[in-house]
Amino acid sequence: MSKLLDGLYYSESHEWVKVVEGNTVLIGITDFAQSQLGTVVFVDLPETGTKLVKDAEFGAVESVKAASDLFSPVDGTVIEVNEDLIGEPEKINEDAYEAWLLKVELDDLEALKDLLGKVDYAKLSE
Amino acid sequence: MFKYFPHTQTDLDQMLETLKIKSIDELFVDVPKNVRFQREYDLPEAMSEVELRQYFKDIAKENRELVCFAGMGVYDHYVPSVIGSLISRQEFQTAYTPYQPEVAQGTLQYIFEFQSMIQTLTGMDTANASMYDGATASAEACFMAEAITRRNKILVSETVNPNVLATIRTYAHYKNLAVEIVPMKDGITDIESLGHQVTSDVAALVVQKPNFFGIIEGFEIAAGILHGNGSLLIENADISTLGVLKTPREDGADIAIGDCQSLGMPLAFGGPTVGYMATIKPYVRKLPGRICGLSKDVNDKRAFVLTLQAREQHIRREKANSNICSNQSLMALYVTIYLALMGPNGLKEVNELSYQGAHYLHDRLIATGKFKVRFERPFLKEFVLETLIPVELIQEVLLKEGYFGALPLVEFNEEYENLVSFAVTEKRTKAEIDKLVSILEGLSW
Amino acid sequence: MVNYDKLIFEISREGRIGYSLPKPFATEYTLNDVNPRHMRDETPKLPEVSELDVLRHYSNISQKNFGVETGFYPLGSCTMKYNPKINDEIAGNEAFRNIHPLQPASTVQGWMKIYDELQKALGELTGLSAFSLNPYAGAHGELAGLMIMKAYHEKRGDYKRTKVIVPDSAHGTNPASTAVCGMQVIEIKSNKHGRVDLESLKASLTDEVAGMMLTNPNTLGIFESDICEITKLVHSVGGLMYYDGANLNAILGKARPMDMGFDIMHINLHKTFSTPHGGGGPGSGPVGVIDKLVEFLPNPRIKQLDGHFYLEESLEAIGRVSMFFGNSLVWLRAYAYILTLGKENLAKIGDFATLNANYIKELLKTEYFLPITGPCMHECVFDGLIDVSTGVRTLDVAKRLLDYGMHAPTIYFPLLFHQSIMIEPTETESKQTLDHFVEVMLEIAREAKENPERLKQAPLTTPVGRIDEVFAAKKMILTYKDYLEYLTQ
């Protein structure tokens, strides 16, 4: 059974969103996603300043046997990239909710309501 | 019974019994009756080994082995005997792609050595495990440039071999990439024109060294123009000449590609050879095809394994950078063995001897008065001259004497009228060159 | 010497050489005359070794490889049949090897004859009208075939056809080739019998469909019994049918792709026609077509007129897909194989290959889970061990087989199952070899119950044990230069 946290928003493509403050959020991949991938060996992330479009591809995570495209759960602008993951992508396996990928300034905070809550996402990743 | 089918009647009976069937045909119930092949193949009956040998011997007689003064992508270099002996070992020859690395360390290790040798020759950071040939490697490099720059126009210098250009054009057409030619000026890429052609949609420029006319081009200025525009330089280089010539890395190339036929492979009607592809670190994940990496096993013993496979078609399917699966692995072993035997000194000597032979021939042809210099440019083992003799006549006369050379360029481009190409390798003797010159010298028409 | 573990660079000693070259005769010329701006700064760091060093080095590392002559090689989908020696001998003939590809047609009639006779033989075996031997490998043939598909529609001015239907059980090259050819994949589902789901197919048929790619028997080793219906459906909306020849071995003597309604196909000469795989090439992937598509075959082409062969370049062609004519020395081997078997033995390949696969399937199904019942063709697919309580996975079974001196089957493909084991024995294996394999597979199943931990550590007797793939991917030591840098860290 994969781990899920309260208070996060989840997407059907297995990303999570956590509100830090105001319109600023962190984005990562879920514990379920990392468990399916296996040890992550590479993360391909956009540069700071990149515009994210909901449901559009923004990067990829790679293990030795699989690669998975990342789809943005939100519309917004990348304001910070988690540089720690470049050298140590396996941190995603250690704790998928600590190892955030991007810090993003949302276009619209209200849009988060369209994402899944813990219970609905749990059904999806069973 | 037949020698490749080991089934005896007793075996067959027992197997059918195990399967509880009367005849093998019952296993084909899923093949609809109306598509069942009901007649005999319209092909010859089985040949014994004796007959087979004779059959191919007779066909081989319809080929003519000629003294080769031709190049244009395939060169008659010396092939050391050691290569044939080693590559015919069944462990190398009959193995599959090294998907079970514990029993494929032989293949994996030579791939690692191949990648290392391509690295040091090109000066780039990393090479892949091989491509089909230099032409398809060029086309794949264009796709790679498209993926890196997210632009869709490819410039190709007119000084690139026309068969390479044609292959790029085919690939590009179907992938919806635009191809534009950068004209040649005095035998080299016209830099002024390049300056005008480098627009914001240009992914890369493809150049060749030595170029189609045998000329050693410099690409520093071109690289500067391209990089200033966020475009890449793709250099197709004859890998053998990189034993002495400036490396693609020193030229400023982002992707180096080419054919390795000149490293230990026979002419063989053009194949199999093997393509190489090398690039700089930031673009490693955009390389097509297989890559071998050094690792360790559970006991910390050094071991090799295919790595970065998440780029490839068997995992990424339609999102893969390339569809390449089987490459030319055994030919990469030819290259590895050849370069191990030759080493830095042998490769330099090969180039020195080829250079000497080519220049000796060049000057003697000029001295006949029947050839003229078209381009005053440095060359290595291949060069182009303007001839006053009708090109068809040259071919005919040379063939009569068992020689092959003076390839007419007009077959590739009508603007190249009266231009002919010669290549000389270390295999060509003084006597052969003198003979060639005397045949041409004596021509009247 | 399986413990030999040096790299060629590590036995290098400065000044040692392994070559001999002719003496120079034109020393008045020298590379030193070339402007230094054209010359490389540093000598390349190639090894300096003797001839005997090279022989020992590569002989030793070859011993760490498993080949078809080492033992049973039941790698599914790869058709690891015996690679006859006579074929190598024929490909070694100097009168084939010492021929420049640009030589005038009059001096290469032998090569052109081989090309022509082989492509005609492939035509007879498949029912198609003509083959180009130019593609270098299966995936290359696929790409050329898809280009032909696209060119056909474009010539009719029908530019909207950019979708290619590919079953979810297909080889990765099918969708990848489609994308490289600038078209989009429509993936359709397999039904519970492992075949194309006709409803799913019907739902995907529109006037944007360029064609469909299909392997038959499919990658589960099962014949698509609805094949006539499938080809009819795709043709009815104007699409073309592409036959992936990866599994052609199964149907030799039994059926031909053209008779099933296929329009384009490629053949892997390195599978069905016994040419060596070479550790991953050179293969050869001839692409063949029905009559109405012949005009699109790649350039250059070899034609015949009054008994004389000549070269042709056509504007209708998809263009050039290779520098010259393809992997010619591979054709020689394949053609020698075809002539050695002759029509009578070629017709039996499908029989024996299919019998062998079914025999294995029957004897292993007590311990290995058979997701699809009914007869298979040339290969059978299991979905891991039936007893999953031991925690032993397909990977462990595969690795343990190596300890028993056999190559592993293809594993984790097809992707339809989580623990796929795909076994293709080929027709060149005897009942005794199959019996031994079965015995070992059953023994492994026993070990899984009695000593699962040992299986998870397998292989124990190979030159190296399981390899750390994460280390390889993270460190990216891809060259000797990288390795030296890694050592100094």
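As written, the chain order gives the labels A, B and C, with residue 1 at the start of each chain.
The working rule: a contact is a pair of C-beta atoms (placed from the backbone, for glycine too) under 8 Å apart; a residue touches a chain by one contact, two chains touch by 3 or more.
Keep in mind that this is a model prediction, so the values were computed, not measured.
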Top-ranked pair of chains - ranking by C-beta pairs in contact: B-C
Chain occupying the most central position, where position means C-alpha average: C
Distance from the mean Cα position of chain B to that of chain A, given in whole angstrom: 44
Chain centre separation (chain B, chain C; CA means) in Å: 19
Gap in Å, rounded to a whole number, between the CA centres of chain C and chain A: 38
Contacts with two or more other chains, residues of chain B listed in rising order: 307, 315-316, 319
Set of chain A residues in contact with two or more other chains: 42, 62, 64-65
Residues of chain C engaged with two or more neighbouring chains: 469, 472-473
Of chain B, residues touching chain A in the complex: 285, 307, 309-311, 315-316, 319
Chain C-facing residues of chain A, complex: 39, 41-42, 62, 64-65, 89-90
Of chain A, residues touching chain B in the complex: 42, 44, 62-67, 69
Touching residues on chain C, where the partner in the complex is chain A: 412, 469-470, 472-474
